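Everything on this sheet refers to the single structure shown next.
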Amino acid sequence: MSDNLNLPRRKALKKIGAGMALGASGLLSAPAFAQNKPLKIGVIAPRGGIAGTAGEGGIRAMEWSVAKLNAMNGIGGRKIELVIQEETSPKETIDRYRKLVLQDRVDAVHGVISSGVSLALAPAAEQSQMLTLLWDGTTQDGVKEMMPNPKYVFRAIDNEVDAVMSSLLAIRHFKGSMVRVAGINADYTYGRNTWTTFTAILKKFGIAHEVVTEQWVKVGTMDLTSNVATLKTAKPDVIFTSMLFADLPVFMRQAHNVGLTENCKFVMPAAGWQQTAMKKEFTPEGVVFGHSTMYFDNPAASPLQKEFVRWYADKYKDYPHWESDRAYFCLQLYKAGVERALAAKSGSWPSSIEIAMAMPGLKVESLGGPASMRADHIANQLIFQGLTTHKNAYDFPTLASVETMSTEQIQKPAGADFWQWLESTKFKV
Amino acid sequence: MSLIGILMAGVFHAAALFLLTSGLQLVFGVQRIVNLACGSLYALGAYVGISFTTWALAQGLPVPMFPLALLAAGLVVGLIGLPLERLISTIYKRPESFQLLLTFSLILVFQDVLRFFWGANPQQLANVAMHYGSVSLWGAQMPAYNVFVILLAIATAVGLGWFLGRTTLGKMLRATAENREASAAMGVNVRMVYLLVFTLGTTLSTVGGAMVVPTAAVSLQIGVDLVVEAFAVIVIGGLGSMKGAAAGALIVGLIRAAALVLYPEVEVLATYVIVLAVLVFKPSGLFGKAAV
Amino acid sequence: MSTEFTSVALGHTASLRDNKPGWFARRGLQAAIFLGVVALAAVPQFADAYYVSLGIPFMAYAVALLGFNLLFGYGGLLSFGHALFLALGAYASAMSARHFGLTSIEGMLLCAVGVSLLVALPIAFVASRFVGIFFGMLTLSFGMLFYSFLNKFYHLTGGDSGMNVPQPTLLGRSYAATGKMEFLTGPFYYYCLVLLALGVLVMWGIVRSPYGLHLQAARDNEVKASYLGVKTRQVRGVAFLISAVYGAVGGVILGVNTGLADPELAYWTHSGHLVFMAVLGGFQQFLGPVVGAFVFILLQDELQAVTQYWRFFLGIVLAALVIGMPGGILGTVRALWNRWRKR
Amino acid sequence: MTSTQQTPLLEAQGVGKSYGQFIALEGVDLRLNQGEFVSLVGPNGAGKTTLVNVLTGFVPPTHGRVHFMGRDIRGSNSVELSTRGLARAFQLVNVFPDLTVRDTLTVAACSQLGLRWRLFGDARSHRAAAEVVRATAAAFRLEGALDIVASSLPHGKRKLLDVASAFALRPKVVLLDEPTAGVSTADKHGVMEALLVAAREMKVGAILLIEHDMDLVRRYSSRIVAMQGGRKIADQPTDDFFSNEEILSVVVGKLETTA
């Protein structure tokens, strides 16, 4: 054991001198570094715990597309090398982020799923001038405070977008039979925001409704029978839930088992993460079911997506969800950014800031479809939702018909405040 | 609107909690050991239960038999109590705090062992629980299996009561709990008693996990999450008391249900408030012996 | 009975021998402290920036554990909810920044100390009645109560996303110009080092003081102590307060380091890691916790680098320590040293 | 024998203690005057230790009251009484296993000097405290062992340390519960001698000794109180006591059966 303990110390001593060379700054991909060096990309994603599923989805897509890119000539002639770190609590993750920046000397960092971590990382990224592309986990509240006009941080689409779209779909499909409304959502910022969004949009469209119960469950709770019973007694017409972790299938199963699913509609903006766990036996048809930026079974999907889904299904006996698309999008965007910057510098390797400057406005082909990066470093992508059906070969429901909306219609414009925008803007159902 | 449904849900939650804590209480009652890893054992039972039952059903086990498969799985993994007891026995003579430490280390180990075999994704059993359909109690619909779990908890409580109270072995355990030296002098093989009690306690947890999982799912997280609820139960009920476990479980279960109806915001906090109130006004818990 | 247990356990690795003015205790300890400070001060000069940045969480935990060990090592009280006070420190600095616009770390520290005392007082009042497992469970309950409070009152605490902890000024000097990493691995590193050194000196004074002796007497034998005029309950209560303050100071450092105060800081497994570090270094030695924090940080870092199953190996290490090496690293070193001197 | 007119240092009037139905003490009167060395004898379970517990405020009596230096001790616990000068040594070896002899004595010295809440400064180098420690150690011949951890002391010495720590409080009255239990007959006298010397040097007012060894009792005590079944059955000067056959037979007889 003792030498086990000494190991890192020795390592630290070996690093004498090396440390000062580049100090703590993130200006690592300077022209000085030869093109032939591999391009190191740090990946931070959860591997265990409630978000483990999501993390895996992203990492797998990353590995898939890296393999493809490296088969050609990588990015800008440099082969890609992934350095994967686990995303846990913000405190620990920030240490691993620094490890990527300072020790592994990565050229960019991709990933991150939980809002808490993304909020801790963003300032660190700006300060260490490390190009950082977030897959997910960007709720409104913190973002305003923590990421004012970022230089190096690029965010996925707003988390609230899915809720906006499914609220609109709910109105389209359930209008008239939406008097008694209930909500059961995870007891944290995302859950609260999505629920507020839903009720706000109902008001906007003058849907006369009564909120019969609002429930906030601790993320990862595995026994929701009491909540379900309470919902049952509240006799809602529609239940809105943005739960998206393992607790969602548990909720549906327990809801089904007391007959809550019989005469009540469901709205689930973010159920896609759990798609394969939402078995037919307890997930009814006619649920507003959100797949965010990628729906694996989309008949109109691009050949690219079809190819990926096939590979994924063969390799993992499972079907990919939107986190795969997010990861793929970030990598493609980064590639496009590097290439544009390279062209601008006529071939000599660009610095982080040059790449960062190159990315806004870029359009790339992501798994889910065409996607682009806005000037305010927020993504524009397509969102896929629809009503569930059991008419398929799987043991879980799919979408009867795929509704597609672009975030250009349902995402707050650059610089706007989400809630004010939600008030003012006109949506069409 | 009928509150029965909510009430029953509370009782069901209580039943699950009792199955989780009864083992904890038994072990503490006899050995004065608090096993922080109880949640992990519960999770272990659930994971193994799912895998084994799924396999058994695939092998053509008639669906109505699935509880037997779960029970079998729970009982078999319960045997892990034997090596664990041997491990913990190395620190019987140390201060109580050391048990907390050792069992905490077990949590870390279990978390990754479970992850290694079952992966990061939460596991669930096919919805066989609904095979028995649901029953209607005073107008409230409830899956028959949930009622079965409640009955199982009651049976466990009664069974343990009878075992500890009536059987000679049970009396022997109680004697050991009262005074280790004396009963050793009277020829009780304390070492065997401890081995037995700890394994029994472990088995209660694993069986609990296995039997409850069809109504929900199991994730790596519950290993640490359940510890908190379990502590709430035994602090309220009183360490080492079976009555306490039952009472504590009922209180926590019903408080939660009640909070959901009255004021959902305080669902979690309410439990802690009760816990602290008990600690301040009746430190020994409702049925516990003196705390200090 | 339990006092008998204690005596057996703590007796077998003649604990806290710093009471005994042998060479190791007097010279050795002073030398160790001095060399330690010098070595730490030198680290940024040669070590890789990453390891320098690891030095900050290390010092944060070292400070917190000094307090924790007054409770555990000297008071015989194992708190399984001590992360509460680290979280409190972090949140106090975040709130003082947001609500009172405090930007100086001194202000944050003062805030944290004040708040931690306010919170610790009622807890100490209740907790000082308990020992052993009950104390552990009680503190765990309080810790989790705070955890769910942080999650529930999100409009106050930011819920799961936590609160931003801005880069503070040190001694009135602002480092807004310097990047965060330069700030952390430069001035802030040395600032923390000074805090740690002060923390060590103050704690060294406390454990040798009459009060410190009374605390140990209460740990070893409550009844006998009371007959020698030791106010066991009050003495323990005060130990809890002091440890709370140390925890909060550690929390401030941690908060500045992460730039965020988040609820996970208060989750009970974080407390478990604190205990782990104390035992790893040797809770029966004055400097044990500091060594523990140091080794734990490097150990965790190394394990995470080599395997995604690092928790498993941490668990194995902890179990091995508890069973085979209860003296921890320093305890074992001390034992070996004594044997060597006998020859 | 001192005059009984003066207010006794320690006085119990009709003290009774019962746990549920079980009556541990019943109507016990006891006076302990300046300069007295009283021995408390009786078979096991006679209630001797319970009496001492009551006298030191460790357990409250169910009946009667106890006065220490003229003041009713009701409501004051062993901590206060010990600082006011009522010290006790225990039947079981009961020191602090992990503290050195010096520290153990210092603990007492600090409470006696009211240094309890001094949070800083080395207690061992506090002049007054150090002086108390030195004197006590000297009186009990422990100077040699000052820096040895209690748990590694030989049994006899540990016993001494327990008594010594009580004396380090500079008490008016010391209650000793079989200070020589488990000590070899040879050492017993050593302990007692040391104890008396110390008592004289430290101006201890009175000593109450619980003892089974009749030679010790006969040799050192000025008065003897005999108990049985929670009652006081005799309270006489030593010589009268040892000439009182039937009482002696009760006590000694019981002793032989138990011994």
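Labels A, B, C and D are assigned to the chains in the order they are written; within every chain, residues are numbered from 1.
Definition applied: a residue touches a chain if its C-beta (ideal position, glycine included) is under 8 Å from a C-beta of that chain, and two chains touch if they have at least 3 such contacts.
All values reported here derive from a predicted model rather than from experimental measurement.
Chemist: Please give the intersection of the contact partners of chain A with those of chain B.
Modeler: C
Chemist: So, comparing C-alpha centroids, which chain is the farthest one from chain D?
Modeler: Looking at centroid distances, A is the chain farthest away.
Chemist: Distance between chain C and chain D based on Cα centroids, please, to the nearest Å.
Modeler: Each chain reduced to its C-alpha mean, chain C and chain D end up 42 Å apart.
Chemist: Using mean CA coordinates as chain centres, what's the chain A-chain D distance in Å?
Modeler: Once rounded, the distance between the two centres reads 74 Å.
Chemist: Cα centroid separation between chain B and chain D, in whole Å?
Modeler: Chain centroid spacing, chain B to chain D, equals 50 Å.
Chemist: Calculate how many whole Å lie between the centre of chain A and the centre of chain C, each centre taken as the average of the chain's C-alpha atoms.
Modeler: 36
Chemist: Can you list the residues of chain B that touch 2 or more other chains?
Modeler: 111, 115, 265, 268
Chemist: Listing for chain C: what residues touch at least two other chains?
Modeler: Correct list: 6, 10, 148, 152, 317.
Chemist: At least two other chains touched by the same residue of chain A: list those residues.
Modeler: 47, 218, in rising order.
Chemist: Name the touching chain pairs, please: which are they?
Modeler: Those chain pairs which touch are A-B, A-C, B-C, C-D.
Chemist: Which residues of chain A touch chain C in the complex?
Modeler: 1, 4-5, 7-9, 11-13, 15-19, 22-25, 47, 85-86, 89-91, 94-96, 98-99, 101-103, 114-116, 119-120, 123-124, 127-129, 139, 141-142, 145-146, 187-189, 192, 218-219
Chemist: Show me the residue ranges of chain B that touch chain C in the complex, using the header's touch definition.
Modeler: 32, 34, 87, 90-91, 93-102, 104-113, 115-116, 224, 227-228, 231-232, 235, 239, 265-266, 268-269, 272, 275-276, 279-280, 283, 291-292
Chemist: Going by the contact rule set out above, which residues of chain C touch chain D in the complex?
Modeler: So the residues of chain C touching chain D come out as 6-7, 10-11, 14-17, 19-22, 202, 205-206, 208-214, 216-217, 219-221, 223-231.
Chemist: Name, in rising order, each residue of chain C that touches chain B in their complex.
Modeler: On the chain C side, the touching residues are 2, 5-6, 8-10, 72, 76, 78, 80, 126, 129-134, 136-138, 140-142, 144-145, 148-149, 152, 268-269, 272, 275-276, 279, 309-312, 314-319, 322-323, 326.
Chemist: For the complex, give me every residue of chain A touching chain B.
Modeler: 46-50, 52-53, 55-56, 213-218, 220, 222-230, 232-235, 246, 249-250, 253-254, 256-259, 277, 279, 281-282
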